[in-house]
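Two complexes are shown next, each including subunit A; its partner changes from subunit B in the first to subunit C in the second.
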Partner chain A sequence: MKYDPFVIPFCLGAIILAFVLIYKYFSWIFALNKTDKHKILKGIFSVRIFKAIKEVFLESLLHRKVFRVNPMLGYMHMSLAFGWLLLILGGTIESKVHSLKMFNTPYEPIFFKFFNHDISMFSGAEEFKFVMDLLLLFVLSGVSLAFIKRFYSKLFGMKKTTKLKIGDWMALTALWFIFPLRFFAESFTSGIYHNGGFLTGTAGNFFASFLPLENLTYIAWWAYSIALGAFFIALPFSRYMHIFTEVVLIFLRNFGIKSTKEYNSFSEFEIHSCSRCGICLDKCQLLTAARIKDTQAVYFLQSIRYNNLKEGKAFDCMLCGKCQEFCPVAIDLNNIRISKRMEFASGNNNFDYLIPKIEKTAPIIYFAGCMTHLTPTIKIAMESIFKESKTDYLFLDKDGGICCGRPLMLAGEILNAQKLIEKNVKLIKELGAKTLVTSCPICLKVFKEDYELDIEIVHHTQFILKLAEAGKIKLNKSDLNVVYHDPCELGRGSGIYDEPRTLINKVGNLKSISQEKELSLCCGSSLAGIQLNSVQKELVRIDTLKALEKNNPDCILTACPLCKKTLAKDSSIDVKDISELVWNGITESKIVELTQNSN
Partner chain B sequence: MKNFGFSLSKDRQIDFDKSDKRIMDFVKIEEPTFNICIACGTCTATCSAGNFTEMNLRKMITLIKRGEITGVRAELSKCMLCGKCSLACPRGVNTRNVIFKINQALEKYSL
Partner chain C sequence: MNRKRVIVIGGGIAGMESAANLASMGYDVTLFEKSQELGGHLLGWEKLFPTMRMGKDVVKFLDKGVHLAKVNIVKNSNITNASKNGNLFTVSCGDGAKYESEALVLATGYDIFDAKRKEEYGYGIYDNVITSAELEEIFLSGKPLLTTKGEIPKRVGIVHCVGSRDEKVGNVYCSKVCCVTAVKQSIEIKEKIPDSNVFCFYMDLRMFGMHFETLYKQAQEKHAVNFIRGRLSEACENMDGSLLVKVEDTLAGKPLRMSVDILVLMVGMVPSEGTKKIGTMLGMNFGANGFLKSQDQHTMTSISNIPGAFFAGCCGSPRTINNVFADARSAAMMTASYLEAYDIEERITYI
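Right after this comes the complex of A and B.
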């Protein structure tokens, strides 16, 4: 057996790492509920496993989503992850072909050139040398980029990078040393025994010309082994835990396990999968506009992991969902935030007083939502459109209705929200309608996600578009130049981007803005930002308005009563809901018709 | 007594021995905008729960400030936290967090 004491740090690190990972993963999987465990068992023996493997390859190794954010950042991650894996695979094959044995000691591929000075084999020795050096160069390029990124992150499209914890720094330093040390160890060995390829061979000859390699080689191999061991031991306690956890997470997701609004051991997998890459930082308006520096998704998850979550950090987020949209690991950040809010929420509400009286029913129910009652123009426009299109509808919350439950849910009071949901579900089911139309995206999201109604649920923009396409109302295109503000709950929250835009194009000239669709900004008054103060809200609002007012449009359109009310506070330009513009168009064409008739 | 068509209000004083300011002290620190409420009542006028029942945030805040906290829990448990009051408030009181914090205080002091 090939052995030398310097392999001990590496082996020790690897063994500790393996034990910690196995212990953590099994205890988390064990803590999952029965249905989730069943899903895992079923998933392992199904085609889903191949889908998972493909996703692991694309996301954990090639880092496709990071590439989309920035190619440089993507290359850096890919060269480290994919390059390292190839280096391990290449080394394993090389050592096995060389020794012509199926099994050899597990560290031999890692320290191959130390143990095998003469690496000639029956064939392919030169090719192996070349490939292994090429891979080392690939990984080294990633390491140097990672080093540059620490000092000049703008090159990688990132204005801000994550502030690291001490454990992260230790692991990071070890990681930075691993590959340069491997390069030196192999080069020094090659300088003496001439067993290197184009990179290590050339470097070896160069070093041999002025360095006492006989003494240095052994030290370099020791240092390489220590760096590896140190990295392995620091890994489970640092952000590098994501390397393995993300792989498990991808498998669990493909087996059909979903994140819930309650914190469970699947959430543990999610928070440990965060690589603290910091892509969420630049996306967060609380950082870029409101100058809150410690609540971004990466710091939030970090504080859950190290058990020092403060209430403010859980409650100042607006849950606009932008970080989630761009998270390369696709962690359900909003759900985790809500689940943590539950731990601070108290209060057992009593909603027995809510006894709605409904005398008639109709195939279409209109639920304006609390916020729409604060912006009566939307309500009036919608009622007029219903009447104009001769729709048989019921205005469910005309004289005030039961809240949809989403505001309580966003505050982490899930049980109280559930009480309201039950009441509303019972009421809507009794009415036996076919379609539920709402003007409020906050209501829309909870109706769709938590109500389990088997009827069509649409936002009023979708409904108006349908009416227009069916010819029930005649839209009148004005020559106004308008911009559209995507409400968070409608856009990123419910994935409705196109219908409002199609509708707007029928009533005005829609101008695109720099931050729209997935990139859209939050109005600042989100019901989720419970502990934001009025100044912070204002900063977000002004930031959003700046983007909307940039090209001086005639009108800012939105599709949410809350956004409308908020933006109108500081906007110098008219802020309207789409339904209002639609109704304005209809009335104008009617006036034209009337004057023509009278003439 | 002869009916003159009006009555006199009962004599009403705050009894400092019975006044319990724990909720006020807690909320004052946790959500400072609690202090700037002028009891105008806009919150109560716009209240979603108020459509169905007696629910008066203005009265509740006033009572808490006076330290008369019996009945606060029952009254507050009707709130749906819809947030209309915080948008309507002319003083910029973060009413949703005020309610959230009163609930926490009730829990904290088991009132």
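Right after this comes the complex of A and C.
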């Protein structure tokens, strides 16, 4: 057996790491509920496992999603993750081919060059030398980029990078040292024994010309082993925990396990999968516009992980979902935030006084939502469109219905929300309608996700579009140049981007703006931003308006009463709901028709 | 003798009164008014609180003031530029005329809050929602108060604090005059239509001025006006054109809905466009609420950050008429003392 005391730090680190990971993962999996455990068992023996493996390869190794954000950033992550793995695989094969044994000591591939000075004996040795040096160069390029990124993040498309904790700094420093040390150790050895490839061989000869390699080589191997060991020990306490956790997370997700409104051990997998890459930072308007520096997803998850979450941090987020859209690990950030809000929730309200009374019914029910009642022009437009299209409808909350429950949900008051939902569900089911139309994306989201109604649930933009396509209303295209503000709950929240746009193009000229669809900004008045003060909301609002007003459109359109009300506060340009423009068009065409007839 | 010149911008109460005072002290005063008539918003009010004397009575007093003191009056002025060069202020008008002076008083007043910004109250959407200013116009015209269908209203709702003390519209300050205006107008409605019911929806009743409280008591005891503490959440139109208002009665602790035939919104004051425009041209400091900012809240009122430039009236903050009079005279006094080289800045000590 090949052995030298310098391998001890590496082995010790690796053993500790393995124990910690196994302990943590098993205890989290153990804490999952029965159905989720069952899903794991079923998943392991299904084709899903291949899908998971593919995803691990694409995301954890190649970092495809990071590439999409920025190619430089993607390359950096890929060269470190994929490069390192290839280096381990390459080393393993090399050592096995060399020794012609199936099993050797686990550290031999890592310190192969130390133990095997004369490696030209076996066939393919030259090729191995070349490949291993190439891989080392690949990883070293990633390390240098990571180093540059610390000081010049703009090169990687990032204005802000994550502020690190001590554990992260320790692991990061160790990580930075690992590959340069390997390079030195292998080069020094090659300087003496000439067993290096194009990189380590050349560098070895160069170092040999002026360095006392006989003394330095052994020290370099020790240092390399210590760096590895230190990194392994720091790993579970640092952000690098994501390396292994993300892999497990991908498997669990592929087995069909989803995050729930309650914080559970699956959430633990999620928060430990955060690499603190900081991509969410630049996407957060609370940072870029409102200058709140400590609530972004990365810091929020960090504070959960280190058990120092403060109430303010749980409640100042607008839950606009933009960070989630760009998270390379696709962590369900909004759900985690809500689940943490639940822990601060207090109320157990009595809603017995709410007794819904509806006498008649209709195939289509319209739920305007409270915000629509506060923006009566939308309500009037919708009622007019219903009448114009001769739709048999029931205005469910005409005289004030029961709240949809979403505001309470966003506040983490799930129990109270559930009570309201039950009341509404009972009412809607009794009505036996086929379609539920709402003007408010906030209501729409909760109807779709938490109501479990067996009827079609649509936003009014979808409904109007259908009416138009069925020829029940005649739309009138105006000359107005308009821009569209995607409401968070409708766009990122419910994935409805196209119908509003198709509809707008039938009534005006839609101009695209720099930040739309998945990239769209929040109006700032999100019901979720409970702890935000009026100044912070204003900063977000102004930021969003700046993007919308940029090309000086005739009108800013949106599809959410709350967005409309918010943006109208400071906009120099008319802010309207799409339904208003639709109704204006219909009335105008009627006037034209009347005058033509009278002529 | 070469008289020192003063430019006063804004022909409302503050501008007229400070111009009259300065001219009577012997200065050569030119008063600019953007419209064709002096008097400002006062021209739109019929009776004034708390005494119910006529607004035009006060306009007459102000008119006499500027005429007796021989103030030069430039009406229909469209000021395109105002600046200070060296020790002289220059004001240019749209017609090409240029005016110079040694001192300047800005009295550009306030604008009425645009009630359309509180869309939930339905102004501009529902016919029978009007503002307090429009109600005053009706009183002034001598016409009866009727719904758009031409019927005498049986129930009138009055909403306090529209655009004031409301973070949602970005105005966190109190406009001072609306509470007592609401009391005044509700009494007037009751006097004109004794059978009607008047409901005032208020947050707080700020009866800070002398005799305001008496008026409030009178409204309750003599005229049976209903005061309901609670902010209106929304108004919507019933089939017959009347308005359904939703409000929480915070004293009774329960939500309330009621129908009214006419809803009057007590619109607050916002810094006027003129104040913003000319204040910016001169480089004057604005406070957080957008009104002009004095050098010190207590001791340097009316004194702007530009030496020789002063301000009076509601361009500095919402004020009642008697407070505007006091402020206008104080601004005139400060302007005169500046022209006589009295150095008030010398007295400033900061601890």
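By definition in this document, the second predicted complex is superposed on the first by the 597 of 599 C-alpha atoms of A that agree within 3 Å, B and C clash if a C-alpha of one lies under 4 Å from a C-alpha of the other, contacts with A are read in each partner's own complex, and residues count from 1 in each chain.
One rule holds in what follows: a contact is a pair of C-beta atoms (placed from the backbone, for glycine too) under 8 Å apart; a residue touches a chain by one contact, two chains touch by 3 or more.
None of the values given here were measured: they were computed from a predicted structure.
Asks: Should subunit B and subunit C be called a clash or a fit once both complexes are overlaid on subunit A?
Replies: These partners clash in the superposed model.
Asks: Looking at A:374, would you say it contacts subunit B, subunit C, both, or neither? Reply first, second, both or neither.
Replies: Touch partners of A:374: subunit B and subunit C.
Asks: Applying the touch criterion given at the start, work out whether A:534 contacts subunit B, subunit C, both or neither, answering first, second, both or neither.
Replies: both
Asks: Quick check on the superposed pair: does A:568 touch subunit B, subunit C, both, or neither? Answer first, second, both or neither.
Replies: The second partner, subunit C, only.
Asks: Touch test for A:327: subunit B only (first), subunit C only (second), both, or neither?
Replies: neither
Asks: Could you say whether A:407 touches subunit B, subunit C, both of them, or neither, answering first, second, both or neither?
Replies: first
Asks: With both complexes overlaid on chain A, does A:290 touch subunit B (first), subunit C (second), both or neither?
Replies: A:290 contacts neither subunit B nor subunit C.
Asks: Can you tell which stretch of subunit C collides with subunit B among 73-81, 163-171, 217-225 or 325-333?
Replies: Here subunit C runs into subunit B along 163-171, and the other listed stretches stay clear.
Asks: Identify the overlap between the subunit B-contacting and the subunit C-contacting residues of subunit A.
Replies: Residues 373-374, 399-400, 534, 565 of subunit A touch both subunit B and subunit C.
Asks: Touching subunit C in the complex: which residues of subunit A?
Replies: The touching residues are 373-377, 379-380, 399-400, 534, 538, 565, 568-570.
Asks: In the complex formed with subunit A, which residues of subunit B make contact?
Replies: Checking each residue of subunit B against subunit A gives 31, 33, 46, 48-49, 51-53, 74, 76-84, 87-88, 92, 94, 96-97, 100, 103-104, 106-107.
Asks: What residues on subunit C touch subunit A, complex-wise?
Replies: Interface residues on subunit C, with respect to subunit A: 117, 119-120, 122, 125-126, 167, 169-170, 172, 233-234, 236-237, 244, 246, 257.
Asks: For a test of understanding, state which residues of subunit A touch subunit B in their complex under the given definition.
Replies: Within the complex, subunit A touches subunit B at residues 315, 344-351, 353-355, 370-371, 373-374, 399-403, 405, 407-408, 411, 413, 416, 420, 525, 527, 530-531, 533-534, 562, 565-566.
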